[in-house]
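What follows is a group of structures, each given as structure tokens.
Look at the two complexes coming up: chain A is in both, with chain B in one and chain C in the other.
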Partner chain A sequence: MTSIPISPASAAPAVTVRRQTTSGRIALTLFAIAILALALMPWWAKTGTIRMVLELCCYIAVAQMWNMLAGYAGLVSVGQQAFMGAAGYAMFVLAQTFGVNPFLAIALSLVVPAVLAVPCYFLLHRLDGPYFAIGTWVVAEVFRLVSTNLGWVNAGAGMSLTVMKDYSAFQRNIAMSLLCAVMILLTIGGSYWFLRSRYGLALIAMRDNPVAAASQGVNVKRLRFMIYVAAAVGCGLAGSVYFMAQLRINPASAFDPMWSNLAIFIVMVGGIASIEGVLIGTAIYFVADRWFGAYGASYFVVLGVMTVLVALYARTGIWGLVSRRWDAPWFPIRRHLILKTEEKP
Partner chain B sequence: MQWFDALVQGVLLGGMYAQYALGMALMFGVMRIVNVSHGDLVILLSLIGISLASSFGFGPVTVMVALVPLAVILGWLLQKAILNRVVGDDPLPSLIATFGLSLALQNLMLQIWSANSRSLPGGGIESKSIQIGGIYIGLLPVIVLAFAIGLTFALDLMLKRSRFGRALRAAAADVEAASMTGINPRRVYAAATAIAVGILGFAAVFQSLRSTVAPADGGAQLIYAFEAVIIGGMGSVWGAFIGSMVLGISQAIGFRIDPGFGVLAGHLVFLLVLATRPQGLFGKG
Partner chain C sequence: MTAVLSTHGLIARYGDFQALYGVDIDLAEGEAVALIGANGAGKSTFLRAVMGLLRVAPDMVRLKGQPIGGMATDRMVQMGISIVPEGRRLFTGMSVEDNLRVAVDQAQRMGRKGGWSLARLQALFPILKDKARTPVESLSGGQQQMVAIGRALLCQPSVLLCDEISLGLAPKVIREIYAALPEIRAQGTAVMLVEQDVGLAQSASDRLYCMLEGRVTLSGRSAEVTRDQIGAAYFGGSHAVV
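Up next, the complex of A and B:
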């Protein structure tokens, strides 16, 4: 019992908090290079490649938003497509109907999911666990049915973004590339920054045990609400960018539950509650989609079975298995307490 | 008269929804599990029934006799292979597992039966109707409603009176205390899921007789069942039945106002209940 001295302040053990690791520094450098490469795409990639990368970036963004919701805030949503479609439609209405510059319209369209998320959350947070999930799906269905009935968004037929004709192909490529870079910087970089902040500490405490976190002074309700609104905006950004590149939007594509399917697959198989898992899961999904997509939807059966197997046998996904073997996080968010060794004789 | 007609049609539609909702109310009430593949199981059973009817020339009654035991076995297998491993305090694993199952089932059905809509030939029963005081009432929807009432009554009685029902309610209230008194919760869970999916066997026959089914329809069925359970109030079998009625009536009246507004009206009533009475119309607390 003598090994831990309860000492006065002067004799407090000298410690430092280590928050970054070698693997983390390498990954951060690669991340910065990747962002730069995304922004400079028009000078090294063809239009087809840029479109493909844009789609990939949207998958990453949506999956990471789902990861923040389900992995940290304990809010399992299967209706994030509600906010993607809402922002997408807002962007089309602003640019096409009101003639706002399309790139400014993307930024402005993010107000819509932020505003819509507030009443949605106040309705849905009354439902717990699995019921919350299906409640979010109902909300997405409501959004879809409302847009199908609204004349000024051209109802079920949808809208086209013909104003994009005013820009040259190169200008559009620059816009798409910059949007990819901004989207990844905001969703992945933003999440990383958030998780390393004070809020991140609170969020991790909440993930492990919401009741215990609340007893330590974490405002669980407010934090959940913040994450829900932030995830709505993040998904909205992905929606706006995706449908701008598509040049068309209609209710069935805007509020497609497929987005929830792929977010859940990516996060669960890649590894929930880790940014690394999102990147791994997206890579698997993207490769599967490119290789097997040509043979019809049968590969979705395999993806579904993989999701079941992960839920049954490996809850932490691929990244969970990897990090159990090698402790080399790409986005370290843990705080290591290092005791200064000079006190030792 | 037009609105009274809508009301009647809504009640009849509610009879169909009640058949989906009962199983969900039972599973959630006992295990706190929401089976995301609930709707896909109805569609799977419907498509199997349609294939049986077309390859062996079975009538609707024979299909039902074949389908309900099959559904019971399917439910039992679902519990043994998947749900028993994920049931627990954390709702995420069960949600993800059944979500993955739903994704796999939907696309498997798409491969086997293609995306076409099909229906079960009913030998004329689907088009018969009776006229009461100026309102035409389809014979089939009345049979569906009668079955729904019968199933609700039987399920309620079973939960309240039988030995198995007591075990079920005990396991729902406190798994550990229940197992101390000699109840095997896993066996109780397996039986509950078998009954819940068994009821879907009836729903599958009626759904494919009343309208058409296609592999992608499962999501809508899941949502309707879910809304009915929440509107009625969780943990009550009759609550789920009344919730189905409210949903059916809202949709039928919505359809009369504008054909594009029917399903939306149901969703809006659901959200209204959630905003004003989150415990449901018949929920406690």
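Up next, the complex of A and C:
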């Protein structure tokens, strides 16, 4: 994957494209080790640690989905919790009401956000900027109100996942660990793969200037639609996994706007439009949440102020400041043309 | 000569305001055609209408005889029309090379083949190689214009629309950019130059059209059209000019 030969045009010098960097190779190795470590958690971590890591993985997944939406597709959503809750509920109904194996139910539950995202997008796609954001929030609230009034999901009282008692604690730990690994692989690994594909630059171009991107042949409408549906599924996966670990779901928790708040905080502070930023932002949020969560409302004020300050004075976030100083991306998506006769810089 | 791109009674509106009143313009393969006219004459509107950025009837714009009017902009690019937009509209925050790669990627995705490669473009405008990793926003205006032209060429167009590429540039830089024109045309690409500078437009094109208030007021071979004719077409019939 390091170099792709390009057939030289008439009289043009032979060139190769360099895509990977040293820092990228190190990061990719670490990423593979991390995925493996996640999958093997039951053998090295306590149940409490696994639950904590699972929460962390959900934050990463949701934040990365928001990053793809806002950082690349230019779709600022504050309603991704709609799809988390919808998938969570779907999983509970399949497993609890219909007796489907809960781990199979997680996979099946992903169909729900995918299907729901299509009509939602057709309602929302004509809205621009802040209007789009408000629209997504409205959609999430509608989902919450509907679930509050649906008898077969036990309305406002919510549901419990009692079928999980059929599995031993160790079996559940294995499942949680594997789900964490799959979730990170799909959201982070999947995003990275997508950004390195020929859609990657098109996506960045589109965020920058949709009209100019269309003038270069980028199918802006279709790309946005694809990202929206993919982000809905990604958030749905995080929702299913999160609520399976919680063993309970109710409308207030399923469609909690807190998820959007934390995604915005993580991405803005960590560094928008970068996978590195999501990882950094999640680490900061997670530590802050453990240390200062007890302060309640005033803690949220501090998080909010931090987000605003970053948005005003360091729009590229922490990763932006770091990468300005050291050009060592963990997930490089740029490509460089190198003449065969030249030394690699 | 058969036309690659032609418009037939092209009408375009911004809401209730009609900006084009039946414009007939055609370009042949490898031909350079200039479109001149005062501010507000409808030159940029014409390009927007052709590119599908304004709503027009299918039959009003034809590519090799096929009706394409009002199609999505990315489809236009797929079929072989590229634009160098006014004000360049580069993707800021990206390096020069990445800006160009957007076009390379899309051309590849759409299966458009042609004679332009990054390496060949860098031979045409060497500065694009020296500054390959520089963020585009730190380039000079002329260099940015070269990126914009390069980006359009890498879409492998059969028709290249240039919207005021000399705007705000030093005469020396303008000459440099216009010097690239013969090589572009040698590829068989038809070029439309929308220009404010009448002299430049006349010398760089085979034919020219002059627009006024949404209509074509003059058309002919650039070498044969006189300054008086242009003056009359530019400002309206009754003025005797220049």
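As a convention for this text, the second predicted complex is superposed on the first by the 328 of 345 C-alpha atoms of A that agree within 3 Å, B and C clash if a C-alpha of one lies under 4 Å from a C-alpha of the other, contacts with A are read in each partner's own complex, and residues count from 1 in each chain.
The working rule: a residue touches a chain if its C-beta (ideal position, glycine included) is under 8 Å from a C-beta of that chain, and two chains touch if they have at least 3 such contacts.
These figures come from a predicted structure and were not determined experimentally.
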Side-by-side fit of chain B and chain C on chain A, or clash: fit
First, second, both or neither for A:Gly217, with chain B first and chain C second: second
Chain B versus chain C as contact partner of A:Leu127, first or second or both or neither: first
Per-residue touch tally on chain A - higher for chain B or for chain C: B
Touching partner for A:Arg198 - first (chain B), second (chain C), both, neither: second
Contacts of A:Asp208 with chain B and chain C, given as first, second, both or neither: second
Contacts of A:Gly85 with chain B and chain C, given as first, second, both or neither: neither
For chain A as apex, the angle formed with chain B and chain C - C-alpha centres, to the nearest 10 degrees: 80
Which of chain B and chain C A:Ala297 touches, first, second, both or neither: first
Partner chain(s) touched by A:Gly236 [first = chain B, second = chain C, both, neither]: neither
Least Cα gap, in Å, left between chain B and chain C after the two complexes are fitted on chain A: 8
Chain C residues within the chain A interface of the complex: 51, 53, 72-74, 77-78, 82-83, 85, 89-95, 97-99, 101-103, 105-110, 112, 115-120, 122-123, 132-133, 151-152, 155
Chain B residues within the chain A interface of the complex: 28, 32-34, 36, 82, 85-86, 91-97, 99-108, 110-111, 219, 222-223, 226-227, 230, 234, 258, 260-261, 263-264, 267-268, 270-271, 274-275, 278
List of chain A residues in touch with chain C within their complex: 6, 8-13, 15, 198-202, 204-205, 208-209, 211-221, 334-337, 339
Sites on chain A touched by chain B in the complex: 70, 76, 78, 123-124, 126-131, 133-135, 137-139, 141-142, 145-146, 148-149, 257, 261, 264-265, 268, 296-298, 300-312, 315
